[in-house]
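What follows is a set of structures for review.
In what follows, chain A forms one complex with chain B and a second complex with chain C.
On to the complex of A and B.
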């Protein structure tokens, strides 16, 4: 190799050589884009509109109810914009989302001029107006899935953020200090590993009065750290007697500084790999919980809850196919990223490829 | 060896105490009791307040959770797992009823996995880098990322809905459609027919994972110096693969076998739930929904014991296949 940059620059160079891993990264980027632009892709609220002389962006209401301009509640729009805008202010104009469909309710007849009502029951196979079909209540599946992307992404990042923090902390403390501290942290890790995750999640969700998607994420994070802790502990055990750590100690660095500034950066690459795989499994856990009917309550749209709707009528194949493929591709993408990361950062695998 | 086992036993008991105490507290903290959960489903079974109070006393639900836990613990120490509140049967009977169906699925799946994963893993490392190997590996990777419950729904749609009326139709759910009076051969065939889809679902993910695992370990071993030596002295490619390389991948394999023990008997909640298969996983799910504390606790205890035993088994297998490793 000609010029060798830092460790991460080198890892990125190796990572870029893997087309599948790059495609997976691009896919996750696409998901982020879809999640951020969800109200502009599918919705029944204008992205931007001029009403009674002022500009509004009612589509923000999809992110947070309170962000929907109050004037539309006052003027009794009741969520249906096209007709109301025209009736109440003939001068108004609006930029509409790409697909006029709502993730939470069915679109009624003539709500969009000249369009029939969404088909309900098992009639709603995919069509021009309903790209991915509709569910039993007539709600558009495409809109549901576009808005569910946020949940899928957040679940991965938030829960693994929590799990990563706990895991690294517990593993680092156990590995660095050793002795009885290590015995204690290893025991705790083993106990958490033995508790059936499903009992823990179902019980905590049952205990909470109003479980939200955030609770689910926190619980997945609080149970998913054991593997990370074990790996971190191993890395810290291996590195704590390395020469550079001894040098830091001799220079007078305290344990916290050694752990965070000296050991952790060197242990980070192997720890990042299980975290990436963990994102994939967090998405799996969330969607299977929603699938079993323990997901976030409506109106949070989750891919898994669309699958749950399909269980009552399997002839509606589109309720299985589209969310199923979406979950599969997302899980696959994270697994491919994790694998790419592993190959890019593990020097032993690197030698093997020569 | 004896001190090692004793140490593990004591630590294991301590772990079990913490886990069961924690799960019991959690279970009791869930809103509702077995009595209210039953009434919620069926209004005709609503009890008047005096009867409710009487039942609460009988089942010890009027006492705080730690008293209940101490009682449960005392019974377990005497070998009694208690009686299910909602099903009016001893927990051991319930478990005995469900263990067979679960084992039928997971045992068959495990057998299939090992019968296929080892040849697949060896094949992948023997033909490493060729086009067919890369295609197989990619396919396995894709399968590994395919969520089981999605696969189960896809299979149900294809085999139970689209192929309905053809000889390829497979039953949607349940374990058997025949009455218990039917001849046993017909019943066995019917159960096997019902088991096909659950077994396929439980097999494919682990198959993909395990064969990749074997492949990865083989890749590690094949880089060692003694493999080069074996090749240099003229051993054929298959002989190198089997006699020299594969034997040395048995160590990590032993760990994997040990860790698959809890799943073998614990079953899979999701698969059993989708296919309404009357196994342990489904019992677990139902008992949580019914707030049936004795069953929840009995199953938790069993799963935890199995997990700990699996870890112990993995460690012991480790010593068995690698004489350099000692438990001491």
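On to the complex of A and C.
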């Protein structure tokens, strides 16, 4: 594995020399941060508060509704914290999110002392209180986008995680064993390639009792692995007769060990490239689905669903502009990362450069 | 029974339209009124109402004996256009045409002026009889066979090609159409209706239209093998329809009902075309002969279908043999030589088509009315008008589920919902609050004034506590022990896939979340939604109904086990009141019965009623003569028949 470690260090060194690719990586890093801290950036639930002598973090409710402490429902907070905290426990204190806006509902008058109600209908242009404006129902677009980051990232990572796992597995088995096994896996790959992802997703959503974003991810993953499988197969075909593999075999290593410990690390670099591009295309698929109205169930925030709101009134430019820019930048970032990876890990390209 | 008795130009069909879809928004179409997109659902389809009965063997008495034993009362035979012209002569003219075309419709006053000036019928020969109109429909036809009618698009189109004997005016008062009927009489005991047809009527293939066609159509409609979606409700209240000769037709009723005037109104098929084929293929659509008829129907109305591109457009042309028989003009020609129906499902696309002049009219969504039809670009080619309409929307609670079996829970739902916000913000302040099944300004609601619902979370929580829904396991969700298991209060609401309706459902989700109830909004395609509601496979849904011309038409929504009683409501008193209401002829006394029904329903809250969706239409500047009824601008008499284009100067 020492060689392999050297290879990656070398690749990283080369990658770092590409400013665009580094900027893209930083951008994705920023998105991860935004997604992880979403409830602390925009929300109406305290990040941390002390209430009746105990500490609570109601903002966790944004990640999972179940994690919001039940005491606030019991005490009839009804989702609005600022005034209720003060009224029901004068001793209480709270740390609030940076922007007091909710991704799922509008903010009413005086919910935050002195703050007017969010504008609704087509009046919600970007302003100091609503940085990116509001949609027709008065929900803050900035808050929606911050919380939608989670969906955008998850869709990319989860679906490509699934696709990568299936693709590498199928490709590795086919490439390593060859013969009828290879014929079988290759045909299966070709069959799956013929399945139109979008149509399949629409059909599954129609059948499911409670479709969620996870189903969409699973389907994108379950249909998007074909390219990865083919590349893996090629790499395995190439490497299975290499000297170090033979050496391992001679030393008595079983097929599983050879595949995972010896071939895979050496084959990984070219496989990572289609995975990165796959993340970008998965984000686009999710956005188009949401745009068409087949996204995660309302009111969950997703960039594509903000775009969908714009469809009925294009004069509300802020509903097109902000999510559009976000989707564009994210997809661009993944593509730049993919390209950077390709150039940093492909020795032939490196040679050509010199 | 149905709910809406629709008649356009000459045909009158009774059918209740389930508007499971319409809302205050985009493609919302509404079912009833014209531009609807979705198949309106009439889900109705072969749902046979409880009272449905097949035609039974019945031997009609000879005509001379019938005449000898019956005391006849004359009933009105009218022409919708003449009635409208007479009514308009009494109305003050609020503005000239030129003034009205300069106006922007931004106030009730401007709207009244526009309707007053542009809603007029033509003076003398001002109408261009060679004109073509491009109309908008939001969905294609399911069938061109008039007895299969059920969606709004079908009412729009088949209403123009179909033949009918009866109609109703802007005030929803029924009459026989002077274009097809010479006389209409009802027996003093209310058990018989006798109609004499005109002798100058022909089908589009030249064969005369006779009373035998009407009697034959009744037989076909009542045959249980024929999959009739909507029109059977109503005809099933009759005992028989018999043609004594080519012109004399008698309707035999089982009971003297106030609704008999609607029951005798059904679409008519050409007997000479179908009598040889229908027995072999009762589906009326599978055999080669029926496939050919579907493509080239033989029609009895003023227009015939000359071109049809599925999913795109349907072109109707005025039928010479409607107005001219044996070389003589026997009735007025309708104003348009050609009507082109453009099928556009997406409301944003259809608005673009209206602005660019590709279509001459369309129903507008509230958002479009408020924000996208106010600028000079819109008014360059169009104007717009609005009027109240009897189409209401609701959340329906499935009483068969453990959540909503208790009426306290259903009432809590109504208290939990922020009605004001929905009306002011989500519906742009354009709709009227709705608290019960009958429109507040209708005669059937006269006996009772329902207050609009208001949000009251304290009351909602108190009712839920009382009903036993309390958070016992401290997870922030109310729950209740049912059959030894702790069931959390979490349910799904089915809603049509339209942004506007989804926003309204999402508002309820937010409200319920505040009081410890989890609701999932589940947007679905209209057809899937219909199917699930019909099969009662839902916990709650967001839907709507177009009111019928007669309150009795809502019996199929509220009677125990009725075809459209999706929520599974059952109250013996309501069942009884419907039967009594039907048998009562005194309008004031009938209103009392329906007022009582409304009161019971309001106490039981099987629905959370939301709003009445008014009509909002965009019309080309070239159009004149649009007049709104509680059924919208098209579905009454004259309805679409009063619309015209002026001659080019």
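As a convention for this text, the second predicted complex is superposed on the first by the 348 of 354 C-alpha atoms of A that agree within 3 Å, B and C clash if a C-alpha of one lies under 4 Å from a C-alpha of the other, contacts with A are read in each partner's own complex, and residues count from 1 in each chain.
By our rule, a residue touches a chain if its C-beta (ideal position, glycine included) is under 8 Å from a C-beta of that chain, and two chains touch if they have at least 3 such contacts.
Note that the coordinates shown come from a computational prediction; the quantities given were computed from them, not determined experimentally.
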item	value
Which of chain B and chain C A:190 touches, first, second, both or neither	first
Which of chain B and chain C A:335 touches, first, second, both or neither	first
Which of chain B and chain C A:198 touches, first, second, both or neither	first
A:346 touches, of chain B and chain C: first, second, both or neither?	neither
First (chain B), second (chain C), both or neither touched by A:76	second
Which superposed partner A:315 touches (first chain B, second chain C, both, neither)	both
Which superposed partner A:210 touches (first chain B, second chain C, both, neither)	second
Which of chain B and chain C A:327 touches, first, second, both or neither	first
First (chain B), second (chain C), both or neither touched by A:68	second
Common interface residues of chain A - those touching chain B in one complex and chain C in the other	206, 311, 315
Chain A to chain B touching residues, read off their complex	187, 190-191, 193-196, 198-200, 202-204, 206-207, 280, 284, 287-288, 291-292, 307, 310-311, 314-315, 317, 320-321, 324, 327-328, 331-332, 335-336, 339, 348, 351-352
Footprint of chain A on chain B - complex, ascending	11, 14-15, 18-19, 22-23, 26-27, 29-31, 141-142, 144-147, 149-150, 153-154, 156-157, 160-161, 172, 219-220, 223, 266, 269-270, 273-274, 284-285, 288, 296, 300, 303-304, 307-308
Complex interface listing, chain A residues touching chain C	65-66, 68-70, 72-74, 76, 78-79, 104-106, 120-122, 136-138, 206, 209-210, 293, 297-299, 308-309, 311-313, 315
Partner chain A, residues of chain C touching it in the complex	25-26, 347-348, 365, 367-368, 370-372, 425-426, 428, 457, 461, 471, 474-477, 492, 497, 499-500, 502-503, 505-507, 509-510, 513-516, 518, 520-525, 528
